[in-house]
Amino acid sequence: MVLLGFLVCIAIAIVRLKDLFAVVMLSGIYGLLSASFFVTLDAVDVAFTEAAVGAGIATLLMLVTVTMTGRYEHSAHHNSIWALAVVLVTGVLLIYGTLDMPYFGSVDAPAQLHVAPRYINNSMQEIGVPNIVTSVLASYRGYDTLGEVVVIFTAGVGVLALLSAVHRPEKDDGIVSVNVSMHEKYLILRVVTKILIPFILLFALYVQFHGDYGPGGGFQAGVIFAAAIILYSMLFGMSTARRVISQPLIQLLSAIGVLVYGSVGVVSILNGGNFLDYNLLSDDPVAGQHLGILLVELGIGCTVTSVMVIIFFNFAGRTEDHMRNERKSA
Amino acid sequence: MFLGLYNYWIVVVLMMIGFYIIIAHGNLVKKIVGLNIFQTSVFIFYISVSNIDGGTAPILAEGFNQYSNPLPHVLILTAIVVGIATTALGLALAMRIKEAYGSIEEEEIQQRVNREC
Amino acid sequence: MSISLESILQLCIVLPLFATLGIVVTGRYPNLREAVTIGTSLVVFYFVLQLYYGLDRGESISVQWWQLLPGLQLSFTIEPLGMIFALIASFLWIITTVYSIGYMRAHNEKNQTRFYAFFAIAIGCVMAIAFAGNLFTLFIFYEILTLATYPLVTHAGTEAARKGGRIYLGILLGTSIAFFLLAIVSTWFVAGTLDFTTGGVFGPNANTAVVGAILVLFIFGIGKAAIMPFHRWLPAAMVAPTPVSALLHAVAVVKAGVFTVLKVSALIFGIDLLQELPTTQALLYLAAATVLLSSLVAMRQDNLKARLAYSTVSQLGYVTIGALLASSSGIIGGSMHIAMHAFAKITLFFCAGAILVAANKTQISQMRGLGYQMPITMAAFFIASLSIIGIPPGGGTWSKWYLLVGSMESQQWIIMAVLLVSSLLNIAYLLPIPIRAFFPGYQTSPAKFTIKEAPLASLIALSITTVGSVVLFVYPQPLYELASGILATPGTIHGK
Amino acid sequence: MLAHLPILQVIVPLLAAPSCIILRRPGWVWLFALLVSGSAFLISIALLQQVMDSGVIVYELGGWEAPWGIEYRIDKLNAILGLIITGISTIVLLAAHTSIQEEIPEDRQTLFYVLYLLSLAGMLGIVTTGDAFNVFVFLEISSLSAYALIALGRDRRALWASYQYLIMGSIGATFILIGIGLMYQMTGTLNMEDLSRRLPEVAQTRTVFTAFAFLIVGICLKLALFPLHLWLPNAYAYAPSIVTAFLAATATKVALYLLIRFTYSVFGGSFSFTTLPLQTIFVVLGLLGVFAASITAIYQKNVKLLFAYSSVAQIGYMIVGYSINSTAGLTATLLHMFNHALMKGALFLALGAVMYRIGSVELRDFHGLGRQMPFTMAAIVVGSLSLIGVPLTVGFVSKWYLVLAAIENGWWPVAVLILLGSLLAIVYTWKIVEAAYFKAPQAGNEQVREAPLSFLIPVWMLVSANIYFGIDTRLSVQVATAAAQSLFGVGP
């Protein structure tokens, strides 16, 4: 209740504010709050992911963008009357729709009675993984997850196609400026990170492989990995980071992640099952499921990490170039 | 009635705020922020659906028999990824537009575009 | 040779298309190219004659092609009306080819290959239209004919040509898609068949209101019949080279229009139903109005081709009237008029072309005394005019006679009056031309003029057609028999 | 292996995309992509064959039976879609190599093919899946790749168009997501088959009504149904030629497929057409779309933009056919789907050829092309005739069925309007023809040569398809009718 109240306030604040930097920060907080709200609703995995993405990556990307595109929004919103009308109609329709909904948290809602029980009751025998979310994610609806990985891969390729500069001079003058701007914003971060990075990597590995038992899994792990690398590059400058992690390699990794996931499916076809039917990966179905999920999560982690890095590098890189050009013109 | 549904209503309000930002604001980055809020609110809605009184997180453990519905969680995990993907692409486009048109305000860009036509 | 009549029928349609290929291939060598054209035209005419004898022997000839849409087949069958049309078209194609060789060369036009190629395609379509076994087949080739003649109309490629072509295509394609197609679909929906059947397809208990509406759609949809207000394409098409105007816009295209009107009224509606329809009368008056108005307009044209064009519009009105009179002699008159007018009008256009080539004159006012310079041409012009007006020795006499009889039979006194009046108008706008040509009036000594006729090819062509229209006067018997056969045909062959 | 065809059709391009990254060299990547798309095409043919003989094919992914797992469910409807998508994409790819060389920088070309394959896979995924949420996932795959592809256009307006498309598309997707969520809440399932079984029990609830409304609106955004079409024209006009040819022929069709699938299969025709006044709404919007878009098209100076607007108009026709809500109407819609894919594929590919030679598709640059690029222009003319609906082209077939369906339903005025709409098509297509054949070339364009074979062959493949399926309509009509009947639960 309270959390929701906060959320509303923040949202309204975002509407009013013209300072994009503040807006972005607020949206980050919005993500964080909704994450904590997810926790109260027992959705730990989702909370984890939302925290990592909504509060983390998304905010970061927006910040980079804002540093380049300028800090203030100087257009009064046009056509706001129409917009308001549309929004009101939609909203009223939705409210109208809620009237016949089963009450919040009710035990006998159809959603609780039809498909879900099978997951809750049988997943232990069928998959043997305590974290039901993981087993649904990676096995029952594994194909959705493959799609998800492809989506993130698509985003990576798209960003590459849009932003990867044709030629990037290795002069660091531009980078400094970027880092300076970053340091101003993440002062604490800079101090803490140096110590943090190894722990972060360790934690990422734990999340990656512990996903079967507790909250976590390939996606969250991937994001954390990426976070570590990004922090590193922010401290030691883009070019240094690029020297450590070469672009072609990282692109290759992002592709390989998808392929790993896919090939698991293909192998299970070759073993005479349906696509992504892990039972046939080993003689014992449960063991097969374990193996399958492990590999799949690896694939996810691999792709997510590399794509996140790709996206960030290109965003930052583009900003550098832009600033360098501006300084030239100035 | 109110107690049963207030949570959905607030979610609806959140969604609509996000939606409003998308269509009413001219700043490209702000539109993306709006999109984020809109989608996040939809996520909240899904998770609310999955919630169940006296339930616990869907991680099997001794002593629990009421788990909240794992399916929406899975769906939303996917949806979050889709969201970040869209955001990334949108922001990338915004950067390119800034480079190409020197602005990220809808009206200014529209003017320049019309001039070209 | 002993080919089955069925295959001959198909050859009539396909040969011109093959000729197109031949023409394109031999395009580089004009003589060869024109030899191909003439050769084909002769063969096609010979084949049509074979078919004619076949029909005369009472054989029923029909061919089924594949089904274009379920239940809608491309089928061809021979019946008298189509026969008339086919005979005229194929015969005049020969003549026109001869003529155009003379004309095009004398006038050294560009892209002659393209010209002959599309000409051949057009003829192929005309054959298909003439022999079409059902409305669907007819419609398809009707459309293709429009498109195939577009490049001919815009042959010159000038701005004027572009404008003319725009009107031409706009009206013909527009009416046919907006009304004709709708009418056909409705017919298909109401009657369940599109096959041409004696006595019509709608059956006794058809809803006359709906069918009446469909009739209106047909009459307006068949833009090629140039009923007002959809007649403007015809004058617009006069930007085309004269041979095109001659064959297509005196014979092939316009006749395809009125032919369709006749065919639809006789074999889709059937004259009995036609009489009952509420709309027939109104349309009849519209046709009459077209006849009168276009005659009046024609009088005020100084450009010869324009005047001839408007005269064509009015003459087409006759045929439509004949169709809508919904009486046997009306149909007979109409179909005979197709032939009569064809010969007369093509002669007139040939003359116009000849004048353009030889004397380089297009305006009527310039043609005083031209008779001394081009006696043969102007003589031909004179005879043809008589035929159009409908006085001996012109073939037109007969067709107009039957139309009058038809209007009397069905007590359409107004129509009858219109026919008579418009004949007078014909006199007023056609005869002055040759008369002034021979008797310039003011003092001019013939000595000033030296004989300078059009190229021989053209001259031969126009003499033949003139003779033709005279022959039709003295010997109309076979034509009459064919025409009277239209309604008597034993239940025509169905599309299945 | 035959049993696995349904999944193979999707994952072959899906996994081929990342493999391209490994291949790197654009030339090889192109060949590879062509191969992949071609094999997908063959698979789709085989699938259509199977479906026509032996009815619906069900494939359980991960071996989990629906509704717990995700299932692929192929009936006649999506078999056709698969055929259209893969066929077009293969033919378009034939020309891609040449065109891309000209329009996209060297270092982006590999990425281009990756995105192209992803977009292809996404669409195939949408049409083959039998799971509502899976639709959303693959919708995003195809959309995201489409945004990126459009943004690759040379003109800077491409960026702006792509951004607008992204916003519109994301709103649409989110609406669809809300709709799915509400449906799930009321039924507890995501599987379409299962939904269609369980929705009737709760059909009268306001929640289901809302879910339906949101789905429809969301889909219509993707479908670019007038007046939600604003994103489409610019997106098509400024995208790289190949992308335009591919998307114009396929993307909106997929959205239309979703509309049909959800209204008829999931909610059921009776529910869909009673709860909302769909029929009225759609017939009005459809016709408005036809006229508004056609008239706008008439005033366009940029030929790509012109045909983009004509696409909006054509969508209007499909919607009209759909709104008739009869077997005949749906048959007409499906036929027009198929035929329009052929027309626009041919037209936009031909424009690609012009772009390749002249580097512009402004109307004034078409002056004199009739002589300089005879074959390309001939292709455009045939395509235009098909668009107008002249006999012996596919356009005529769909017009015939559409008008017939309208009349069967007693909608005489609609029939008239449909035909009047095609008169507008004459106007805007003939502008091009006249420009090409009656005007002298612009200064600087005197030396233009005919497009290379790598363009002419695919273009003429599509053109001859336009004519072939206009003359021999057995296949297309039979399949479309069968699909329509199966959706109405009548006939075989």
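By letter and in written order, the chains are A, B, C and D; residue numbering begins at 1 in each of them.
FYI, a residue touches a chain if its C-beta (ideal position, glycine included) is under 8 Å from a C-beta of that chain, and two chains touch if they have at least 3 such contacts.
Bear in mind that the values here come from a model prediction, so they are computed numbers and not experimental data.
K.L.:
Give the fewest steps needed to get from chain B to chain D, where each step moves from one chain to a chain it touches.
P.N.:
1
K.L.:
Which chain's C-alpha centroid is most distant from that of chain A?
P.N.:
C
K.L.:
Give me the ID of the chain with the smallest distance between its Cα centroid and the all-protein Cα centroid.
P.N.:
D
K.L.:
Of the chain pairs C-D and A-B, which one is connected by the greater count of C-beta contacts?
P.N.:
Greater number of contacting C-beta pairs: A-B.
K.L.:
Can you compute the centre-to-centre distance for chain A and chain C, using the mean CA position of each chain? Integer Å is fine.
P.N.:
Between these chains, centre-to-centre, one finds 75 Å.
K.L.:
How many Å are there between the centre of chain C and the centre of chain D, using C-alpha atoms for each centre?
P.N.:
Here the centre of chain D sits 45 Å away from the centre of chain C.
K.L.:
Quick one: chain A and chain B, Cα centre-to-centre, how many Å?
P.N.:
Centre-to-centre distance between chain A and chain B: 13 Å.
K.L.:
Per the centroid of Cα atoms for each chain, what is the distance between chain A and chain D, given in Å?
P.N.:
Each chain reduced to its C-alpha mean, chain A and chain D end up 31 Å apart.
K.L.:
Any chance you could list the residues of chain C touching two or more other chains?
P.N.:
none
K.L.:
Identify all positions of chain A at which a residue touches two or more other chains, and write them in rising order.
P.N.:
As it turns out, chain A has residues touching two or more other chains at 94, 98-99, 101, 109, 111-112, 115-116, 119, 141, 144, 147-148, 151, 154-155, 158, 162.
K.L.:
Residues of chain D that touch two or more other chains: which are they?
P.N.:
133, 137, 140, 144, 147-148, 151, 178, 184-185, 190
K.L.:
Can you give me every chain pair that touches, using the contact definition above?
P.N.:
Here the touching chain pairs work out to A-B, A-D, B-D, C-D.
K.L.:
Under the stated contact criterion, what part of chain D meets chain C in this complex?
P.N.:
Per the stated touch rule, the residues are 385, 388-392, 397, 399-400, 403-404, 407-408, 415-416, 419-420, 422-423, 426, 430, 434, 437-438, 471-474, 477.
K.L.:
Please name which positions on chain B make contact with chain A in the complex.
P.N.:
3-21, 23-30, 32-34, 36-37, 40, 43-44, 47-61, 67-78, 80-89, 91-96, 98-99, 104-108
K.L.:
Applying the document's contact rule, which stretches of chain D touch chain A when the two form their complex?
P.N.:
Answer in residue numbers: 4, 7, 11, 14-15, 17-19, 21-22, 59-64, 67-70, 105, 107-108, 111-112, 114-115, 118, 121, 125, 131, 133-134, 137-138, 140-141, 144-145, 147-148, 151-152, 178, 182, 184-190, 198, 202, 205-211, 213-214.
K.L.:
For chain D, which residues count as touching chain B in their complex?
P.N.:
Residues 133, 136-137, 140, 144, 147-148, 151, 156-157, 159-160, 162-163, 166-167, 170-171, 173-174, 177-178, 181, 184-185, 190, 302.
K.L.:
Can you check the complex and tell me which residues of chain A touch chain B?
P.N.:
Listed in rising order, the residues are 1, 4-5, 7-8, 11-12, 14-15, 20, 23-24, 27, 30-31, 34, 37-38, 41-46, 49-50, 53-54, 57-58, 61-62, 65-66, 68-70, 73-75, 77-80, 83-84, 86-88, 90-91, 94-95, 98-99, 101, 103-107, 109, 111-112, 115-116, 119-120, 123-124, 130-133, 136-137, 141, 144-145, 147-148, 151-152, 154-155, 158-159, 162-163, 213-215, 219, 311, 314-315, 318-319, 322.
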